[in-house]
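Each of the next two complexes has subunit A plus one more chain, namely subunit B in the first and subunit C in the second.
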Partner chain A sequence: MNNKLNWTRKDLLALSELSKEEIELILETASSFKEVSTREIKKVPALRGKTVVNLFYEPSTRTRVSFEIAAKRLSADVINIIADSSSVRKGESLVDTGKNLEALKIDIIVLRHNSSGAAHLLARNVGVSVINAGDGWHEHPTQALLDIFTLKEKFGKIQGLNVTIIGDIAHSRVARSNIWGLTKLKANVCVCAPKELLPQDIEKLGVRATTDIDEALKDADCINVLRMQLERDERSVFPSTLEYFKQYGITQERLKKLKKNILIMHPGPLNRGVEISSEVADGENSLILEQVTNGIAVRMAVLYLVSQAK
Partner chain B sequence: MRLIIKEGFIVDPINNFKGNADILIEGGKIKRIDKKIEEKADKVIQAKDKVILPGLIDLHVHLRQPGREDKETIFTGTKASAKGGITTVLAMPNTEPPIDSQENLKLLKEIIKRDAQVEVLPSATITLKREGKKLVDLKSLKEEGVFVFTDDGSSIDDEDLMLQAMLTAKKENVLLFLHCEDKNLSGKGVVNLGVISTRLGLRGIPKEAEYKRIERDLKLAKDTDCPIHITHISCKESVELIAQAKRKGIRVSCDTCPHYFSLTEDDLLDFDTNKKINPPLRTEEDVLVIKQALKEGIIDCITSDHAPHTEHEKEIEFENAEFGTIGLETELSVAITELIETGIIDWQKLAELFCRNPAKILGIDRGSLTLDKEANLVILDPQKYWTVKKEDFLSRSKNSAFLDKTLKGKVEYTIYKGNIIYEEKK
Partner chain C sequence: MKEKSKVMDKETIRRTLMRLAHEILEKNKTVENLCLVGIRTRGVYLAQRLREYIYEIEKKTIPLGILDITLYRDDLTLVSNQPVVHKTEIDFDITDKDIILVDDVLYTGRTVRCALDALIDFGRPKTIQLVVLIDRGHRELPIRADYVGKNIPTSKKEIVEVRLEEIDNEDTVLILEKDE
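What follows is the complex of A and B.
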């Protein structure tokens, strides 16, 4: 890991802000941490004596558990704060909560929040490191990093890959982070959704946008299938989950018409029968569980790098 | 007190005067303007290499009092005005309570009389409680001296009521000052709809929310021949509509704010809530069109839309933060930096935008340096660079979209009714 590039960022807030080299450094660092999880004793002392706080204002199991495991495998102490049980309900602001945590001499805050920009808000108000674990519709950088890490493992490189992201692009932070990460590494990105779920001017971010799923998938090396966010207010913009499945659901039948070795990713949790069929989710083209495994290495890398920032 | 200002470069478009001269002020009034004044005085200000403008007039200022003294007061807001070179402000009536009755107006006038450091002209709402449902008694408020009516912050959705408002305003010979926004279109939006709203994952406000409402109000103004003023225009389409209306002879004037000719939506990439403003910061193209419209006189004047908010209303999640930036203490310098330094306009035009035109729109005898009239003027150093710092603001709130920006041109003295009400610390 003796890279020419030194990591200088106290925080990881958005892939839009990172250079290609910084993204590559995270991926390389993740590669070397991946092996730790295969050991008999799954622990390295890199973050011994550091305290990581998972501050989660939105329900999340997998991201929080993944960060917790990553931090523990680096020997950090981990505290979980779930918004419901904290003083959030008493009206404490995010900034105040952050400053209080800082006063408790913790080192890293991993923040999940329902408002876009929340991680930026926190990061500019505290001296400790902030890792964005998803803010509103804005970004979810570690998810995209683990997606890209998984793709790189499978294909050897990202440059020139055709990646199609399909689903609720408008409300997806996973889509945005993937767009930034993939385009910086020179993949060809296509986003596909019903037009109600394609945000304004998305193509200006350097992607192809289409409502035509056949067109979107025809050259794809990988499909990243987004979760239909059934819990959101905006769900009414598309008629029904059944209709969505018929038009945009990824099924075995659809895969037959595509590249034979096409790979399927999904950030989870799955809505089987809405955006993806069970056969595909559990089938041989699916990378879904590998993504979960790789998430640990990527998050270890990010925790490690921000703690070493110079 | 006798005050002489020596050798300043005077710019006064109303009297069509531009050049170096001395000014003698006595008894609050301008007594002489001459090449060389060698009289005795209590104080002499050396203004060589300085620019002297008539005191600025800002038609769009939220002083927040009564009701939100935690954000701003008449005292602090007019202190800030003085620092910015502004000697007349039109106070917006969206206070708590709003200025929608003689009673509330009386309350406001008492505070002004007690605390104001510059001239504060009260405006009143068009509808009761600014609810857009029932017109205020324009006639009785006019009798108490109000000549501008505005529901600023909102627009009247009910077209029939807007028509009634215009008919009444025309009859009473008062000005309607309009914030044009169709909230059915702007909805829960917080930034301009486009690539930036997409990139940031924030809800967008389409330009249509602004210009469709301008289109409606221009049509009503045409039908009623009621004079209207459209405030804080932010986009190309609005400029085009107003240019067209002016060509047709519709009695419309308009203003824009410094942030609409100096900042764009790209400035929001770090989620700085001080740049969360309504209407939202638009695109580079809009900025260029607005600058050109200022030059060509399509846009009549510059206002600050000074909108103070406390830190706990601003330093929160972007979508929950209040809209608005303060502007009294930076507007002149931003205009110098963005419009004069870039060669788009000259000092004469600047004085039209800040002094002559707003006076004309209000129909008040201000905005000039005229013998035997009130001595309201500003002396500024056109070459001085300064950096906008939170701790230097006199406004009670510090929510400036220009924090940490370096600007050119700084007010050194502001003189109101012959008294030095602001003097730059050396």
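What follows is the complex of A and C.
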């Protein structure tokens, strides 16, 4: 327990820049917030009078809804701005949009953007808090925090856990944030993908990398299955989704050869029959829906901490 | 910070809590509808002790909940030390129950105000009754305790510190004075 540690950051931008203690403080705070969503009146007044803006330049349903629910359960007012339908289409820059929001006296911007570094750029230019809800291929810190929170809930600790992240490592901000967070908490992280989707220098981040799925999974306590980003044009990268499923898809057959209590995570949305079979996604080893539930507590904790930064 | 006086020792705290347990039973006549809710941190340990004493007297265990009031504080933006949010654990329905709310020191009344707001978010209790080990005066809100261990007149410069074995390794109540 980090009773002594004060949260000092006005923003949450990336797990790469957080200390182990800061990550633990977020997880600890999240576990206190989890209970709020089980009450009959699912609301506490901690952010009463604050305004949270979800500023989304990329399509997202689950992350935006999760942030919106988290903010509302803290009694904040929430405004959603989808870049498609705003003055962004008229050519307004991100920083100008941020400064205009600030002039409207809002308190927290939750930003989803297709460019890596967008959240940092915005945070440098505005005085209000910025929470990164995914920037390009860079980071998606709250997703990794909720993954780690879910693991910690199941295993009691993160240190020494064998976590395998499998899928499009090259283009995945979820993978990158997970790698930063898990390695800081001393988990053993292995990343696995076809070689076209596995960055050459990834092992510099302190993980093991392999293209051999059997090798990647043999000691795993948990598999974090990434979503194949079918909306990107990857036809040139691997033959077909069917081919990928055959080689790298997580199926019941594969699980039979692994640790009996192995747990499966997926950040969603699922491509059933591409990276994971329905049987596994809906099976007893799956934590997928628990991740969704935990996402609210983790985002409540982050919203609360940045709003209380000293 | 210097120690001015010791107002309660281990034995006095024990006797006082035992008396409070009797008073709670006397007023409520039965334990059937009672639930204890302790306010973090020291109210929780006092509530646990009251539950034991009530068990000694009546041979019945009553439900015990834990309330963290951090999220309900009206001074979140003022306090210099950032309060850590801890878990609230109330795993029974409080609707129509007689809730015995327990805290160590009653001072401005603001903590109790938060606790009342928080409790009412959990349901609609029949009554909420407040037990405190120490009432030191200086209320800023119209709040009073139903059961008081000891009334201690204090000045605002003083601090009343309740130390309990469960976390402080000793049972004692001290009056400290802030250095000028």
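Here are some notes:
To be clear about the criterion, the second predicted complex is superposed on the first by the 305 of 310 C-alpha atoms of A that agree within 3 Å, B and C clash if a C-alpha of one lies under 4 Å from a C-alpha of the other, contacts with A are read in each partner's own complex, and residues count from 1 in each chain.
The rule is simple: a residue touches a chain if its C-beta (ideal position, glycine included) is under 8 Å from a C-beta of that chain, and two chains touch if they have at least 3 such contacts.
None of these values were measured; they are calculated from a predicted model.
In the superposition on chain A, no subunit A position is in contact with subunit B in one complex as well as with subunit C in the other.
Listed in rising order, the residues of subunit A touching subunit B in the complex are 16, 93-95, 113, 115-118, 120-121, 124-125, 135-139, 171, 173, 176, 199-202, 204-205.
Per the touch definition, subunit A reaches subunit C in the complex via residues 1-3, 6-7, 28-29, 31-33, 35-36, 39-41, 43-46, 74, 301, 304, 308, 310.
If you check the complex, the residues on subunit B that touch subunit A are 193-195, 197-202, 204, 269-271, 273, 312, 315-320.
Residues 68, 70-72, 76, 80-82, 84-89, 117-118, 121-123 of subunit C touch subunit A in their complex.
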